[in-house]
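Just so it is clear, A, B, C and D label the chains in written order, and each chain counts residues from 1 on its own.
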Amino acid sequence: MTKGRLEAFSDGVIAILITIMVLELKVPHGAAWADLRPLLPLFLTYALSFVFIGIYWNNHHHMLQATERINGKILWANHHLLFWLSLVPFGTWWMGENHLAPVPTALYGAVLLAAAIAYTILLRAIIAHQGPGSALAKAVGSDRKGKLSALLYVAAIPLAFVATWLSAAIYVLVALIWLVPDQRIESRLQ
Amino acid sequence: MTKGRLEAFSDGVIAILITIMVLELKVPHGAAWADLRPLLPLFLTYALSFVFIGIYWNNHHHMLQATERINGKILWANHHLLFWLSLVPFGTWWMGENHLAPVPTALYGAVLLAAAIAYTILLRAIIAHQGPGSALAKAVGSDRKGKLSALLYVAAIPLAFVATWLSAAIYVLVALIWLVPDQRIESRLQ
Amino acid sequence: MTKGRLEAFSDGVIAILITIMVLELKVPHGAAWADLRPLLPLFLTYALSFVFIGIYWNNHHHMLQATERINGKILWANHHLLFWLSLVPFGTWWMGENHLAPVPTALYGAVLLAAAIAYTILLRAIIAHQGPGSALAKAVGSDRKGKLSALLYVAAIPLAFVATWLSAAIYVLVALIWLVPDQRIESRLQ
Amino acid sequence: MTKGRLEAFSDGVIAILITIMVLELKVPHGAAWADLRPLLPLFLTYALSFVFIGIYWNNHHHMLQATERINGKILWANHHLLFWLSLVPFGTWWMGENHLAPVPTALYGAVLLAAAIAYTILLRAIIAHQGPGSALAKAVGSDRKGKLSALLYVAAIPLAFVATWLSAAIYVLVALIWLVPDQRIESRLQ
């Protein structure tokens, strides 16, 4: 089974997810700068989620670049990842419209954590299918970035009930960690 | 006529269908866990429909993997399948927002049944185009899974007026039957 | 300039157009069969527009199958076609929600006519780029189907103010004319 | 790293952006021609934004036609461009629904300016990756059109507070400048 359509379908779903988030930026009734101010928290959350979905797309791209063949297990692991990513718009809207209230901020972290776990499951499914000496396994190595991100999400969820700005800062930190392009796979592939 | 664009167009439509379903998960006004509770039935229906559309995408993928050339009849059989799949979000929302009320639960099954019939029509159109000794015909065999699913939908529709939880259980059962990846086509192709 | 991305972009836009039409089938508040009845006119219009957009996709597919290279003029002729197609959902909703009222029924025909004209412009741009002895020109021939459709739309628009059911019948007739797959291009290509 | 998926993902996002703009053309309650009149300003803004997004797609297409390989920096420069393009629907709706009020008209220009800057950053990232003697650098040359567009946006933003019709005229002018297909890259590639 070739990976072409898996990539195309994932591209489609991720493109839609990253785009429909903007639909909740409802056009204000007034036409003054002040009318945009209530949209600011949602706009910032939107920008953050745009980066997160961009990160997932980049990593998905890198991962499948190092993948030749897929199987049924990989298809479902991919659907599972897309399912959690499909909840990112909801998490974004709820957190953004409630100005970082504790529960929505914790839920946002939980959705990101679930997506991170789903990504790891997909990665493991591909490595298992490639067999021993997998090129992807070598490229990923100990997956320190992935583990660190998951740990940070686990910390951010309860912290939302202590100080939501701390959770938000952690989400921004995770995004920054990944914005540095993943040299590992890239360098191994060359 | 090559199959590339048929796959790309179907990927696009299915990617949108699986994604726009989440738009009906309307962001609650409050910011407490309790505000999420009314969304739970719709969320569960969403997850179920996500799996169903994932199943259709996987099967479509397998089917076209075993297809070389297409014709006008196959194009229309494919549009026909996409039409019924396009009603899955509506069925999902109506059933999810009415907490498994009888009529919406029956309609959901009817939409799934129509999609299943449309899928079979598409399968037959491809096999007819491949001519005798079709690789796909051998791979599909007697299509027991497909027939069983159709029978289960036929049972679930009237059962919705007796006990909706039974219909819901049948829908979950059909999903589980297909979550087991389709070994038939996969093994034949290798 | 190769045609690959033009096809991919058009597939994306057409896939979204054919899908978002369903978003206006708003979930009814009640959960009885009777609650679906007000949706019936919109549902029928939706089904008709689904067929029309399917026809455009098929014809676009056939046309580009017979196209090797494109230029800037073709890109813009394609955007022009997509623009008019993007108004089909609006036309569908307005006509469907007003139960075939005269003005919306005429507007629906006008949108279809504009799309038909845009399609012809695109076809001519491709033929002009292919130069004399164009394979596509031979395959299309005198384009009787296209001319007949345009004439029927021209008739249906004023007829909407006489008897809307007549305009609606004409739209269904045009759809049926095209549902017969276009043998011309197909046979020439083989 | 090959460019195939970058193109596919960008095609997906741009196709969605160009299409969802039509969702704000809300179906009027009445069924007379007069009921369409309030939609006219939004319709015209929609048509203008459709052209702008078409221009970006065309230029993106040309640019990647002249690109062989990409890297992580290019991926992020591309996401950055898509982010600003994703705000075009919001800008379109706000300007269109407020009949060219000053602040929305200025914001529309600001979004277009940000997208133009993001496009230049992406162009520079690709040229930097191609190394000295880059084919794209030669094709783009001094990028007069790009610089002129940016200057015109910079002028249009403050002018919105003097005479909004002037800003609108400038936006139309920029669109017309680009509607003339970009001969530079096209001719160099042949």
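Here are a few things to note about the model shown:
Everything that follows uses one rule, which is that a contact is a pair of C-beta atoms (placed from the backbone, for glycine too) under 8 Å apart; a residue touches a chain by one contact, two chains touch by 3 or more.
Note that this is a predicted model, so its numbers are computed, not measured.
At the chain A-chain B interface, residue numbers used by both copies make up under half of all numbers present, so the two copies contact each other through mostly different positions.
For chain B, the chain with the farthest CA centroid is D.
When the CA atoms of chain A are superposed on chain D, the rotation angle comes to 90 degrees (nearest 5).
Chain A and chain B have centres, each the mean of its CA atoms, that are 26 Å apart. Annotation: 37 Å between the Cα-based centres of chain A and chain C.
Chain contacts: chain A has residues 8, 12, 15-16, 20, 23 touching two or more partner chains.
Interface of chain B with chain C (complex): residues 1-2, 5-6, 8-9, 12-13, 15-17, 20, 23-24, 71-73, 75-76, 79, 82-83, 86-87, 89-90, 93-94, 97-98, 101-104, 107. Of all the residues in chain C, the ones that touch chain B in their complex are 7-8, 11-12, 14-16, 18-20, 22-23, 25, 27-28, 31-33, 36, 47, 50-51, 54, 57-58, 61, 64-65, 179, 181-183, 186, 189.
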